[in-house]
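Chain naming follows the written order as A, B, C, D and E, and within any one chain the residues start at number 1.
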Amino acid sequence: ADFDWMKFKGKTVTFLANNNPVAQALLTYKADFEKLTGMTLKVDGYQEQQMRQRLVTVMNANSDEVDVFMTLPSREGEQFAAAGWYADLTAMAKNEVAKEYDPAGLSQALLKAATFSGKLTSMPMNIEGPIFYYRTDIFKKCGLAAPKTIKDVEVAAEKIKACDSAVTPFVSRGLKPAVAYTFSNMLHNIGGSYIASGKSNLCSTKGKEALDTYSRLLRDFGPPGVVNYSFQQISALYRSGRAAMAFESSNELRTVMEGGARLKDTGLLPFPAGEAGHVPTTIGWGIAVSSHSKQPEAAWYFVQWATSPEVQKKMALQGIAPPRPSVAKDPEYRKWIDEEPVRKEWQAALDVLATKGSSEVGYPIVANPQSREFIGQAVQDLILKQKTVDQACADADKALDALIALN
Amino acid sequence: MTDAATTDHWIRRLNLVQLVLAGVLIMAPTVWMVLSSFKPSFEVTAYPPTLIFTPTLDNYVELTKTTPFLSYALNSLIVTVGSTALGLLFGIPAAFAVSWTRISWPAILTLAARMAPGTLFLLPWYVMFRQVGMIGSYTALILSHAVITLPIVIWVLLPSFDGIPRSVFEAAQVDGCSVTRILWRIALPLVASGVAVSAILAFVFSWNYFLFALVLSNGDTKTLIAAAFNFIGEGSTQWGALMAAATLIALPPLVLAALVQRWLVSGLTLGAVKG
Amino acid sequence: MASISIRNLVKRYGNFTVIPDLNLEIADHEFVVFVGPSGCGKSTLLRIIAGLEPISSGDLYIGDKRVNGVQAAQRDIAMVFQDYALYPHMKVYDNMSFALELRGVPKAEIDARVKRAAALLHIEPYLDRKPKELSGGQRQRVAMGRAIVRNPKAFLFDEPLSNLDAKLRGQVRAEIKALSQELKTTMVFVTHDQIEAMTMADRIVVLQSGTIQQYDTPETVYERPANQFVAGFIGSPAMNFFPVEWRQERAVLSQGGTAVALDGDAASRLRQAGNAVLGIRPEHFALAADADGIAINVRLVEPLGSDTLIHFDLAGVSAIARVDPSLRPKVGDRISLRPQPGKTHLFDAANGQVLR
Amino acid sequence: MASISIRNLVKRYGNFTVIPDLNLEIADHEFVVFVGPSGCGKSTLLRIIAGLEPISSGDLYIGDKRVNGVQAAQRDIAMVFQDYALYPHMKVYDNMSFALELRGVPKAEIDARVKRAAALLHIEPYLDRKPKELSGGQRQRVAMGRAIVRNPKAFLFDEPLSNLDAKLRGQVRAEIKALSQELKTTMVFVTHDQIEAMTMADRIVVLQSGTIQQYDTPETVYERPANQFVAGFIGSPAMNFFPVEWRQERAVLSQGGTAVALDGDAASRLRQAGNAVLGIRPEHFALAADADGIAINVRLVEPLGSDTLIHFDLAGVSAIARVDPSLRPKVGDRISLRPQPGKTHLFDAANGQVLR
Amino acid sequence: MSDTAATLTQDRQKLEMAALSAPAVIFTVAMIAFPVVYTIWLGFQHFSSTGKQSFAGLANYSKLISDYEFWHGLWVTIALYVLSLVLQLVFGVWLALVLFHAKRLPGIVRSLFISPFMMPPVVAGMMWLVILDPSLGAANYILQSFGLPPSDWLASPSLVIPTVALIDSWQWTPYVALIVLGGLQSLPPSVYEAAQIDGASPFRTFQRITLPLLLPTIVTAAILRSVDLLRFFDIIYITTQGGPGNASNTLNIYGFRVGFEFFNIGYASALMLTLTAIVFGAVLAFNRLRGAVAW
């Protein structure tokens, strides 16, 4: 009742954005925000790596130039939190909210992933994660059913290789720093974990199995040169009809469907289950307030607006998977989803992600980005047959233990 | 007659073959880029590569729609022209002095900034320019880019200045020229081709450099090249727009190079001196 | 307008000493010509005066100002370079007007001066050309023109006429001489052309390996060379040298012992010295009665038009005599020659100094 | 070794025609000297023969091969450039050995040839230097050396001695002459030095504005010039020209009407022509009895050492006479001169052709 | 008195020369002094993962010595450097000569010949990434349509360095060519006439005249390329991110990741400074060479 959107009228908030579809969708409504609050929103948009580079510089210089920035808690959350770059949003998210905001309506998993040492550091903007794309027509031709387990995927790959030699049976990420994103999903499905009793756990049976399976799929059924594959190549390969199965981010749907060639013959699933069932990787972009901001409240207003149900619904209609189950059930959104069969499958997969997801991509330590290197290294060594599984996991564990010790 | 004519003919033909060979090797990717900019985004990475397609301007339309392309271009132009001019202004006299005195440390010093990885400068410069309140100003960008253009100008001009016969300078001295005059009236016109080359290079380097702009610019002074990155990203790689942006970005340096071409075809020292 | 004074000048290039120790006074308004073998340091000296070459040690005065460190641009000197050093990017006109422009001379006057110099040097048709479109001689004249449009303290000319034909050279020579008299400017002129040296110079400096051998008027240098080097260097064809001795109360050629008729003065000097080198210029041989002279065999005849040169061998020396072409000597002829009295030179056999 | 034959050669630079139409036959082994005023096309012609300059039209044969389009490198010709064109990055030795190396001459022989040429040109001490460390004359000698180490079909020399002193020049001249006789190579030599032209040439080509004025032996060119241009160009100081007329049965100067004593032959030619231009070389004036000769006032005296030049004005012409230095004339003296019989030349007043 | 006046003027030319280089020198010092000092300071700092700084002495540098990735990166850097530099100098000179002789080439076509380096390096990287993709790329398509075996290009640990060198050479050979072209324009033409007269074939002329005369220019190009090549970054960052494995992990890539992705700024500074010292050494060596080949 006493919440006043106009409280910071006349102020200017600077927003360091990652120029990705999430931000693009959000910023379509920039004028709405300015009208609503009477504030000015200054947007500084960069591509992801550049944004991070700028952010690091600005934060290291203790500059108040940035009030609000986008962040991937699953990746840099620990690190930024440790460095004290995030303003603590816990209190504001409780007290300084408009009645319709409904913080509890946000994905709890994502909120948890953005909470470090009890401090809420960012609000989720979207939900995403790697999902399984497959070609229904090829599966039909080769007499296959949609895979339910990781074993099924291997079998399918084998069959497809025999039945349609022109296509690559399976593709996923092979580029060193990118591997962790998809690999984590497989590891968790199989039932492995990164850390057990404070030690790196890749050489556990499950860990080795995950490493072996992931690399074998790519080595035996993946495209040549898969060690350089990341989302660009995977999408391109799949889109051009030259891959039967792809394990890639849910975000890539739009890219994959471009041109319309894959619209009718693509099936989407969460990555098939392992011994531990479905433990999909679920992450999301967060929006955070800089600890150096001179106007954290005003900044929070923007954060609040950006993650409000109303705005997230508008964004969802542009294909940004909403981190709010309520929005996902909104009739208008459902209508949009029902327009295309793939969207339905896509949303279904995302629903699984939202409920069962883990945001653990790489090691849950401050040096998370660096830990991803070693995971990637191990997988690459296996793809390139440069090491045995035992060697690869041992080497990785050794390096990762050192990293963990630094924590 | 036939003998001579045929040798000549063969030499010319050999040159032509080399020219075509070089042209194909060099330009094929560029052509690919330009063609791609007229393809629908998904077709850029199609396999087999499509050669025949319906050209579309969508990418360019997209470009102007999603990014304030023109204002970025203007920013780039201001920064590039400014830093190229600054590089020439400081670099020409310095190159001349180094060539004349054969004391080369100033030339090496100016190169020092190019020896260090650019990332090394990001934080200190950010701190430095923030101190004087110049973050986001064209001045800061021009100054930082001049660090790139200056050594190029100096080093490209050095051999050109070295190639001028000393006695021409001496004649000018005897005529009563101060050192500065010798530089502007005698030496500079003689190294026109060197100046043209250094100007092209300085321009291109400054135009294509994004690292410094990354931290020293703000939303209003962002340069074009930084915008090109915006088409790369998970869920958002827009090949068509990227190629269109690249095509447009490559255009100004290309036009500049074509414009200063005529300075490249000189050969002025002929007939100045004996020896 | 200024005198030039060089004191204890030393010039080295690295280890190589071009000028070991040189003293030279050039008076105001004087026209001095430097001659000497190729590589003896003429250009170097000129460049030092111009201020283009640093001095290793010693002093240089222009007027009564010590100018050791003064820059070329401040010395107000005009110079013609041996290698022209034209401005390749400027038209001939601009090459010539440049120095005047720098001095802020009004346009009209520049134009007048350039036109005058161009007329004088016969390069008016080329004023609009660039140097590379000129012939060698034309370039040289432009280099000349660039100097003479000015009105400097001193002119320095480094072989400015070497690429011109005799006729043009004669004309330009006369013009330079007239110019020097009109402007009363000190002039230093390097040339390999004896005629140029003789006709233009107030005084000639004969250089060898960076040391002055003689510094005197052309007549003196020609008629009373200070040493054998000067005697041999000045005059074309060169002076003939024969080692002679005083034997049995008469002068004889050391090799062969043929007697030579010397006039009394020379004879007494030779008697005193015992032996010496006898110098006789080709033009100072006279045909002699058989008994009187030295009999020689004509080895080669070179008709020059105005004179004829007779080559012959005498006392182990290959010698030349210049005779009237009407003589029409033939190869193999045997003729008798004797030195004209009073025209012989005697030099110390050891150090080449003239015997007086 | 080869003859050179030029037929109907035309050479233009843009609109400017340097050589309008030239025919020239140089025999095998012949030593031909090109002379002519600066800018008349000597260098251009040499460069055409060398293959460095394209021909606008016409034909060029070396030996009996038409070489119009043949590249310079294939013509096997050695050339000394007027501007030296030394390789700035090579030491003197390498400058000279380069052509031999290209021909695969064995190292030892290269060394011998280079050393020999260096000795001949007195540049042995500089073999290890770069061109920029040399004096003008030294550079020119290197340029010379670069040519003479070779054994080509023909040598082309473009004023190769212009920067050398008289003595050295005389020596080198003799060496070149000896070389040409030893190698029996065709030689084309451009010079501004009359003595060089006269002493070296088998035949002289006198060029003016790209056209051949006379092509003959040195004696003929000197003694029987084909026209007034040649007469005035060859000889130094130049021939004096006076317009003369046949008036009242005797030859008189057109301006002033002073009578001139002409020998019978000349007189009859003048009578026939009515008027003409009389040419007398400076050395062909003789002192005359007062009544016999033409009285003149000495305007200027130039002592050259071996001779003395007397400048005087006659019939509106500024003239020169060369007399014996023993005469010691003084400015203002009034003396009487007459042309030596048989030494006068008469030219058509309209077209300058000699009257025969 | 006249003596002091003389000395004053004597020094004047030196002064004027100093004045000519002063703006460049002062500007450069003003711009780089702080960053350099700052980085040196950072190199002595230890950054704990919680962002706390402490003085580390030479710890970062001693870590360097025992860091396998550093030595590997050094090796990759040098291999890539040598290979690329040689390729670019050789083909750059070739291209310059071809362009130099193609006098009648219209200006716009000529500038197309030098267009690759005008392309933003990022775009060039992206483009080659697509072209060289083993499954999708035009390169293998063309190879296969000629019946040649496809190649893994950037994805093969043994091919990645040559491939990256080739990409870089595609982009920067024209740059070298442009510099050399500028040098070619200023060579004394009369020397070529002399060489013709001496009977030099086109090849010999090139070998004995053009090349030595061009050497100062080529060395300059080498200097300018060295400072970029030893800091090899853009193309690798776009295409392989140092992979496969660490097969293309150059020092600069490594340093960048240590600093900006792993946030170990102290160690990154030590790495970067070491790299800078290596570049500096190369420049000094080439500068020596430049003096030696001057004519």
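Here is the rule we go by: a contact is a pair of C-beta atoms (placed from the backbone, for glycine too) under 8 Å apart; a residue touches a chain by one contact, two chains touch by 3 or more.
Remember, predicted model here, so these are calculated numbers, not experimental data.
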Contacting subunit A as well as subunit E are chains B
Could you run down the chains that neighbour subunit B and subunit D together? C, E
As a test of understanding: of all chains, whose mean C-alpha position lies farthest from that of subunit D? A
Heading the list of chain pairs by contact pairs is B-E
Return the distance between the CA-based centres of subunit A and subunit B, expressed in whole Å. 39
Whole-Å gap separating subunit B and subunit E, where each centre is the average of the chain's CA atoms: 15
Between subunit D and subunit C, distance of the C-alpha-averaged centres to the nearest whole Å: 21
Approximately how many whole Å separate the CA-defined centres of subunit C and subunit E? 57
Among all residues of subunit E, which ones touch two or more of the remaining chains? 13, 130, 133, 135-136, 188, 190, 260
Subunit B residues touching 2+ other chains are 45, 47, 119, 123, 127, 178, 190, 210, 229, 232, 268-271, 273-275
Name the residues of subunit D that each touch 2 or more other chains. 71, 82-83, 86, 88, 136
Touching subunit B in the complex, subunit E uses residues 13-14, 16-18, 20-21, 23-25, 27-29, 31-32, 34-36, 38-39, 94-95, 98-99, 101-103, 105, 107-108, 110-124, 126-128, 130-131, 133, 135-136, 138, 141, 170, 173-175, 178-179, 181-183, 185-190, 202, 216-217, 220, 223-224, 227-228, 231, 233, 252, 255-256, 259-260, 269, 272-273, 275-276, 279-280, 283-284, 287, 290-291, 294
Subunit E - residues contacting subunit D, complex: 188, 190-191, 193-201, 204, 208-209, 212-213, 295
Of all residues in subunit D, those that touch subunit C in their complex: 13, 35-39, 42-44, 82-83, 133-138, 140-141, 158-159, 162-170, 192-195, 198-199, 218-219, 222-223, 232-238, 281-283, 302-307, 309, 322
Name, in rising order, each residue of subunit A that touches subunit B in their complex. 18-21, 24, 42-50, 53-54, 57-58, 60-61, 63, 65, 128, 231-232, 235-236, 239-240, 242, 249, 251-255, 258-259, 261
What residues of subunit E sit close enough to touch subunit A in their complex? 49-51, 129-130, 133-136, 150, 152-157, 239-246, 257, 260-263, 265
